[in-house]
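Chain lettering (A, B, C, D and E) follows the sequence in which the chains are written, and residue indices restart at 1 in each chain.
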Amino acid sequence: MIGKILLSGVLISFLSMFVRKRYNYFRWILFSIYLLLTLYFLFLWRNSFYYNESYNFLSLYGLNFSLNFKITPLGWLFSFFTIFLTFLISIFSIQKNIGEDSEKLISFFWFYLIVSNIGIFFADDFLTLFIFWELMTFSSFFVISPGWIKSFRAVNYYFVLSTLGAFFMLLGIGFLYGGTKSFSIESGYTYLFTLFSINPLLSVFITITFILGFFTKSALIPFHIWPAQAHAEAPDDFSAFLSGIMIKYGLFGNLLFLVPLFLLIKNYPSTQIITNGIPLFSHILSWVGAITSVIATFLAIESNDMKKLAAWSTVANIGYATTSIFILSSYGIAGGIFQIITHAIFKTAIFLALAAVKYRTHEREMHKLGGLAYKMPVTFLTFLLGIIAAAGIPPMNGYASKWFIYQALLSGHFPFLTIAIFLSSTGAFMYLFRALHSIFLGQLPEKFDDVKEVPFLMQIPMYILMALMLLTGVFPGIILKPINSVLISFNLQPVKVTYNTMFSTLSSVDSLKVFLTFSGSFAFAFILYLIGKPRKHVEPLDNYTAGQDPKEFGLTRELYHFALKFYEPFEHMFDSYRTNTKEFYDSFERKVNEFGNFIKESYSKNIRYSSYIFIFALVLVILYGWLVW
Amino acid sequence: MMIDNRTLYIYSFIIFLIGIYGAITNRNLIKILVSLSIIETALNIFLVSTGYINGSNPPILHSGMKLISPNSINISDPLPHALVLTAIVIGVGTTAIGIGLTIKLYNHYKTLNVNRMGDKDEL
Amino acid sequence: MRESDFNVGKFFAFLFVLILFLFMLSPLFEEGDGAKIDKNLSDIKNRVSYFHSLKSVKEIERILSDNNDFSKYREITDSAKTVIFGESKDLENGTANLVTSIVLDYRGFDTLGELIVLFISILGLTIILSTLSFAKFEEPSFLQITGVKFVTPFMILVGIYIFLHGHLSPGGGFPAGAIIATATLFSLIGCKFNYRVSNLKFIESNAGFFVILLATLGLYFTGSFFGNYLPTGIVGKLYSSSLILIIYSLVGLKVGAELSVGIKTLYNGEKDDDR
Amino acid sequence: MNYNLPVLLIAIPILFSFLSLILGSFNKILSKIILISVIIFNIISGICIYNSVLKNGNILTVIGNYLPPFGINLISTYTSISFLILLYIVFLVASLIFVSKNDDRADKISSVLLLYLASSTGILLTGDIFNLFVFIEIFSISNIILISIKDKKLSIKGSLKYLIITSIGASLYLFGIGFLYGILGTLNLSEISLNFDNISYFSKVFIFLFFLGSIMAELEVFPFNFWISDSYAGSKNYVNILLSGLSSIVALYIFIRLFLTVFGYPTFISFSYSLPFNVKTLFLTIFGLSVIVNELAALSSKNVKRILGFSSASSLSLILLSLSTGLKNGVMAAMLIAISVIISKPLLFLSSHQIMKGKGEKNLNSFIDGFRRNPLFSILFIIGVFTLVGFPLTPSFWGKFLLFISATEKISYTTLILVIVVFSITIELFYYFRLMHKLFIKDENIKVEKTKNNFVYIFSGILLASIIIFFSVKPYFTQNIVEKTTEDIFDKSGYIKSCLKSGEIDDR
Amino acid sequence: MVKTYIFRFLIAVLTSIFMGLLYMGIGRKFMARIRRCYAGPFYQSYIDVIKLFSKNSISHNWIMDFGVMMGFAGIIATVVFLPIGPFNVFPDMKGNIIIIMYFMTIGYLGMAMGVAASGNPNATIGIARALSLMIGYEIPFALSVILLIFANRSSLLYDMVLSQHGSFLNWNMFRYPFAFAGSLIALQGMLGEQPFDAMIAPAEIASGPMVELSGKFLGFGFLQHASQIFLETGIIAAMFLGGGTILGFFTKQLILYLITLSIAAVFSRYRFEDAVKFFWIIPTLLVLLQLVIFLA
C-alpha cells in the first residue's frame, strides 16, 4: 500500500503536468486531494505498527536493491503530522496560485517532496532512506529556487551543505554495509555499537559521518546558515513547508539511528565515556543543540527580514529539540519529539501568516510594514497565537513541549543546558515580539491603507492551525499518547500522561486548568474593563498633533513606526564577540575559488610552463618510485 | 674499437636530457622544437644501440657476406633498425606539425618568445 | 621591459635533469637478480629478430604449433634455416636487406602506421596553414638556377634507384622519398619550378591507397592482412620479393610527394596553389 | 568468420581516408559520405565481431601470416570490442556534427577523422607494444590537428602544448620500449606480460615509471595535463566531443592494457604489482589529487567549454582512481562510470553548444534562459548532468555506489582518498547544478527566440540520451556487460593464452 | 468543585490586587521618607485606581484594549499559581515555578502588545528596553530557580516552602546566600526599579510603555504593576524566605519590596545595555558560584 501511495504520487504529478498553465491552481487542488487521500490511509494505519512492505526490484553487483518500508510508531507520527500540515499549506497554496503568473513546476516537485517524505519516514533500511533523502534534496532544490536569480545564492549553501551531508551519510552507510553486509538500520547500529569496543577510531568516524549527514539537514551548528538564506528566498508557502517539515528530517534521522545507538551505549556503558549519565558523544551533541539555539536566537534578534527571523527561530527550536533528544531519557526524547511536532504546527502557522502578509503587501523587510493587524485580523491572530506558542507561553502547545524539555533537563541534572535553553527561550520572546510589533502593530503605512484580509481559502488553514495550536496545548495528551508508543519502541519507559495532565518526577501540570485559569483571569479583566468608563476611539496621529492636521507638521505614519534597528543597543553588546559564520563560509568559498583560479590560470600559462610542469611531475613520480619503497 | 653498449646508452641518455633541458628552459619556440628533435635523435641512438653488437656485420646480405645460418650469425639486430626507421618518420611528422603550428602562432603574435604569447588572453 | 632570466627555473630544470639522469643510470649499473639490459650484447639468439633474420618464422611456427606453446620459441633456435645470398629461393620473403624484411614484411603494419603518420602530419600541415600565405623568397641567382637544373634530375634518378633497391641495399622508400623531396625543394628555390600541390596530393593519396589495397588483397589471397601472395624469388635478385618491391616503390613515391607537398606548403602556404 | 577480419576495422578507414582525399578533390560531399559510411561499416562489423567474441572468446588476428610473437597481431577481447562499439557511437555523433557543417577543408578533415578512427581502433586492438606506440602517435597527431582546426590563438597554443607534452611522453614511451626489447627481446604484449616479472628491480621501475609518465598526458591526469584547458576551450564542438568521449576511452584502454594486464598481476579479487614500491598508493595519490584539482579548476572557470573540459579530466581521473583500487568492485565501478562519462560528456558538449548557440561569449551567463530558448537540448543537458553525477539508476550511480562499497570494506589509504573524492563530487554537483539552474532563470527584459536546431544535432543528442536511458533502465544488461568486461580485464592468463598458445588458429 | 475553584481564584486575585496596591502605597511613603519629603496616605493607590477607572480614556484600536486586558490577565493568572503562604488555589499544582515563569511573560506580552498597538514610538522604545532587560535578569533568576529545583527535587514552589520549615536558619536565604543575593538583584530588575528602570525613564522617553495610556488603561497598568509586585516578591519570599503563614508571607513580601525600594532610592539609572551586562556578570556569577558549591 505504501508503494502504491508513492507510485500514485508520481503518477498524479505527471498527470498534473497536463494541466494548462492558466489553471495552475488546479494542480494544487490535485495535490491537496492526493494529500488528503494519503492522510486517510495514514489514519487507517494508526494501529497497524510494524507492518512492512518490501519491493525487490534489482539484484545487481552482488547486492540486493530493494525498497523496504515499515510503519514504525516514530515514522507514523512524523508522517501523519507532516502530511496533515502539508495539506493545510496546500490549501493555502491553491489560493496563492490563482491568477498569479505562478511557477509551473513547483507543484510537480512538491509531489516528489511528499513522496520522499513518506519514503523517508517509512524507510526500513538505509538504502531506501538514502534514495528518498536524495530525492527530497533535489526536488527541494528546485522548489526553493524555481528560476529567479537571487535565490540561487541562497540555495548555494543549502545545496552544498545538504549534498555534502548526503554524501557523508552515504559514506557512513557504506562503512556499515562493509561491516554487516546488509542495509538494515538495526543491524547497523548494533554493529556500530560492537565496533566501539573493537575499533574506536573507525566507529567514531562512522558516527561522525552520520552526525554530519543529519546535522546538515537539521541546520545545527556549524551548518546553521542555510535556513535563513533558503527560507527567506523560497516561495512563501514553501517556506512554511521548509521550516515546519523539511528541517525535521535530520532530527528524524537522529531518532532513527543515533538515538538507538546511544541508548545502547547508555545501557551497556562499558565501551564509552559516560558523562552525567549519558554517553559523551550524546552530551556533546546536546550541547551543540543548545549552542545552536542560543546563537540562532541572537541572530534572529538581529534580523530585519521577517522570513529570516522566522527561519532563525526555526533553527533555535531545532536546537531545543536536539538538546532534548540527546538527553536520552524518556522525558528528553518525548520532549524532543513533542517539540518537533508542536514546532511544525506553530511554525507552519507563523509562516502562513507571513505568507499571507507577503501575499498582500509583497514586502519582506519588517520596517516597511506595520499596523497590518487592523487590516488583517485573522492573520494577526494566527501570528499572535503562533508566537505565543513559539515563546512557550501557556496555554499554547509550545509551552507543553518546552515544559517536557525542562523536566528532562532538570531531572537529568543539566543546569547549564537548561540555562542555555532558557536564555534562548527568553530571547525568542524578544524577537517574536519584535516581529509582531513591526508587522502587525505600530503605525500602518499609508500605502497599505487599502490592504484587505486574505481570501477565505487562505484563512481556512489558519483557522485550523489556530485551533490545533490551542487544542494540542490544552490537551497535550493527544500528541503525547502516540509519542508514548514511540518511546515503547525505543524500549523506554513511557511518560505518564493523561489527555490534559502531564506528569513528571518534579511536578505535574494540568493544562486544562492552566487554560481555564487564564480564561478566568481574562474574564476578570474584561469585567473590570466593562466596569471602567467606556473608551473613545481616536486616530493616533490626531493624538500627537492635538487634533490638528498632522500633515501641517510634516508627520507621516511611517515616521512614527519604530521598527528598524529595534534592539540596536542590545545588538551592540555583542559586537566584539561576533563571529559571522556566513562570512566564514563565504571566505572559505572565496579561498576555494582563489585556489581554483590559481589552478585554472596556471593551466593557461605559456607553452613552456606546461612542459616544465610535466617534467617536474615526472620527476616527482620518479622520485617516489625510485627512492621510496 | 670496443664500444660498450652501455656507453652508447649513457651517451643517448645525456643527449636525451640535453633535449629535455632545452625543451623546458628555452623561450624560443623554434628552439623548443629543435630540442624535441634532439630528444628524438637521442631515442634513435638508444634504440639502435639496443641491437648493436660489437664487431658484427650490418644485417644485409650481399656478395661479401653470402650467408647467415643458425651457427654463424654475426649480424647486429635488424629489428631495432626497423623501429628506428619508424621512429624517425614519426619524428619528422611531429616536427612538421610543430613547425606548422609555430608559423601559425608567429602569425598571431609576431614573436616566437613563449613568454610574450599572452598568458591570460581569452580566459 | 627586460625579461627575467628565469634562473631559478633553469636551476630546477637542471636539477630535474640530473635526477632523471641518475634514475636512468640506475638500471644500467644495478646488481641483482632478474634480466637486465645487456651491457655488451653478444648475439641475438634470444630475440625474435633472430628468426626474422634467418627468415624461418614459418618453420618455427610449424614446430611450435605441435606442442602449442609459442612462448617457448627460444628453446628451439637451432632449427632455423640457413639463408644464402643468391641461392635460397621461395623463402618467406626474398629481401637481402634484413631490415627491409622486417620493415615491410614481419612488421609491415608498423610501417603502414608510419606512412600514415607522415601522411597525416603533412595533411595536418596543409590544414593548419591553409588560411595562411606568406612572403616569397628572393629571386634565385643564376648560379643557383644552373646548379639546380643540373643536379635535380640526378637526384630524382638516385631516389628512384634507392627505392627500387630497397630490398637489396640500405635505404628504401623513405630515404628515397626524402631525396626526391629534396630535389623538388631544390627546383622550388632554385628555378621557381611551381608544381601544383593538388597533383602531388593525387599521387600521394593514390600511392597510399594502393599500398593499403595491396595489403588488403593479402586478406583475400592469403587470409591475412599484409600477407605475401606474390612469388618471393631468389634472395639478392632485383625481382625477388615482388610485393615488397612494389610497396617500397609506392612508399617512395608517396613519401616523395608528401614531403614535397610539405615543403611547398611551408614555402608558400597552401593557398598559393589555387591562385 | 575469418579470424583476420578485425583488421578491416583499421584497414578500411585508412583505405578510405586516401580515397576521401582523392574523391574529395572533386566534390567535398563525397568525402563526407565516405566518412559516414565507413563509420557505419565499422559499427556493423564491430557488432559482428562483438557477437563472435561473445561466442568464441578472444579473437587473435595476425598480420602478414606471422603468428605472435614473431609478427604483429591484433587481439579482440571482450573489453576492447565493447569499448570499440562505444567509441564508434561517439565518433558517429562527432562526425555527424562535422558533416552538418560547411568547411572548405572538409575532405582533408574527414580524412584526418578517418585516420583518427583507424588509430583509435588500432590502439584498442593491437597486441604489440611498438604498434601501440605507432597508433598512439597517429592518434595524438590527429588530436593536434583537430584541436588546431579552429584557428584561434587559444587552439593553436593548446595544440602546441599537447604536441610538446605528447612528444616528450612519446620519447619516454620509446625508452620504455627500448628497455623492454633490450631485456626481453620481444615486443609482443603478451610475452612481455608473461616475462615482466623476471626483469630486474631497477629496470622494472624504469620501464614502469616511463610508461606511466608517457601515458599520463593522454589520461589528462593533473600535473601532466596542462594542455587540456586551452585545447578544450579553443576547439570546435565535435572536437570537444572527440576529446572528451573518445580520447577518454582510448587513454583508459591504454591504461588498462598496460598497467593492469601487462604490468599487473590479477589474483581472484584484486590486482597486485611485483614492483618494489607501492603502486597503489602512487596511483591513488596522483588520481585523487587530479580529481580534486580538476574539479576546483572547473568550479572557478567561467567558460562553459572549459568547465566541461576540466570536468571530463576529473571524471577520467575518478575512473582511474577506482581502477587503481585494484579490487574487482573498483574495476566494475570504473567501467560503470566510464560508460556514463563517455556517453554523457559528448551529450553535455553537444547540448551546451546548442543552448549557447547565438550567444557571443560562451560563458556561464549564456546559459541564462536556456530552457525557453531551447527546451529539447536543455532537457538533454539535464539528462547528461544526471548521468554524470550519478543520479540513481544511471550507470554512474551504480559505479559510485560500488566505489564506495569497495573502498569502505576496510579502513585504509583508499578510504581517506575517498573522503576527498566525496568533496570533489560535491563540487561537481555544485557547478553542474549552477549551470542547470541558469537554464531556468528567466530574463523578462529580453524576448526569447527559439533556437533552430539542426536535425543532426537533434538526432545525435537523442541517440546519446537514449543510449544512456537504455543503460539506465536495463540495469541487468549493463551489469552483464560490466561483469564480463571486468572478468576480461582480470583474465590475464586468458589474454596471454589467446595470443601465444592456441590450437584454434590453425584452421584459418 | 468548580465553585470552590472559582472562589479560591477570586481570593487569590483580589488578595494580590489588594496587597499589591497596599505595598505600593507603603512604598511611596517609604520612598518619601528616604527622600525627606511627604507622600500621600498609604491608601492613595486605591484612590488612584478608582479614579482612573472612572475617567475618560482614549484608545486607537481594539488591539490596544485587548492587549492591556491580556497583560493584566496574564499577571493575575500567574498569581493564581503562587502559593500565598499555605494557601494554594490548585491542590495538585502548588506553585509550579516553570508555569509561573512562563505565565509571567504573557503579562509582559499583553502589555507590550497593547502599548505597541498605541503606535507611539516612545512606548515601543520602552518595550524594546523592557524586553532586552528581561533577557538580562531572567538568567540569574532562572539559575537560582534551577538550583532550588535541584536542591528540592521538585519544581513546586510549595515543596520549596515546605523544605524550609522549622528554624529560620533553614531558610534558603541562609542556605544559599549567594543565590539569594543574585535573585534579589534580579528582583530589582523584574520590578523595574532603579537602577534598572531604563524602560520607564520618564525624563527620557516619557514613561515609556505608559505614555499613551489613559483612564482605565492606565488603571489596568496600575493594577498590573501592583499584582506584579505581589507576585514577584511572593516568588522570592517563597523561594528563599520560607513562605510561612499568610501574615508572615505578607510581611516578608513587604520587607523584600522595601529593600528593593531602598536600593532604588540610592542608585541612579543604568543604561539598559549596561544593565543587561551587569545582570549577566554579577548576579549570574553569584548564583553560579552557589550552584557550583551545591553541585560540589
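Quick note on the criterion: contacts are C-beta pairs under 8 Å (C-beta built on N, C-alpha and C of every residue); 3 or more make two chains touch, one makes a residue touch a chain.
On a predicted model such as this, the values are computed, not experimentally measured, just so you know.
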Apart from chain A, which chains still form joined groups through touching: B, C, D | E
Set of chains adjacent to chain B and to chain D: A, C
A-E or A-C, whichever has more C-beta pairs in contact: A-E
Farthest chain (mean CA position) relative to chain E: C
Geometric centre distance via CA averages, chain E-chain C, whole Å: 105
Averaged-CA centre spacing for the pair chain C and chain A, given as whole angstrom: 74
Where chain A and chain B are represented by their mean Cα positions, the distance between them in whole Å: 69
Whole-Å separation of chain centres (CA-atom averages), chain C against chain D: 30
Sequence positions of chain B contacting 2 or more other chains: 16, 20, 23-25, 27, 29, 32, 50, 79, 83, 86, 90, 93-94, 97, 101, 104, 115, 117, 123
Residues of chain D engaged with two or more neighbouring chains: 130, 134, 137, 141, 144-145, 148, 151, 157, 160, 164, 168, 175, 179, 181-182, 187, 205
Interface hub residues of chain C, defined as touching at least two other chains: 9, 13, 16, 20, 23-24, 26, 37-38, 44, 47-49, 52, 107, 110, 113-114, 117, 120-121, 124, 128
Pairs of chains in contact (touch as defined earlier), listed by label: A-B, A-C, A-D, A-E, B-C, B-D, C-D
Parts of chain B lying in touch with chain C, wherever the complex brings them together: 4-6, 9-10, 13-14, 16-17, 20-21, 24-25, 27, 50-54, 58-63, 65-70, 73, 75-79, 81-83, 85-86, 88-90, 92-94, 96-97, 99-101, 103-104, 107, 113, 115
Complex contacts: residues of chain E adjacent to chain A: 6, 9, 13, 53-61, 63, 65, 69-70, 72-74, 76-77, 80-81, 89-90, 92-93, 96, 98-99, 102-103, 105-106, 108-109, 112-113, 116-121, 124-125, 127-128, 131-132, 134-135, 138-139, 142-143, 146-147, 149-150, 153-156, 212, 215-217, 219-220, 223, 271-273, 276-277, 291, 295
Residues on chain C engaged by chain A in the complex (per definition of touch): 9, 12-13, 16, 19-20, 23, 26
Interfacial residue positions of chain C with respect to chain B in the complex: 3, 6, 9-10, 13-14, 16-17, 20-21, 24-25, 28, 37-45, 47-50, 52-54, 77-86, 96-99, 101-103, 107, 110-111, 113-115, 117-118, 120-122, 124-125, 128-129, 132, 134, 168-170, 172, 174, 235-236, 262, 265-266
Contact set on chain B toward chain A in their complex: 20, 23-27, 29, 32, 114-115, 117, 119-120, 123
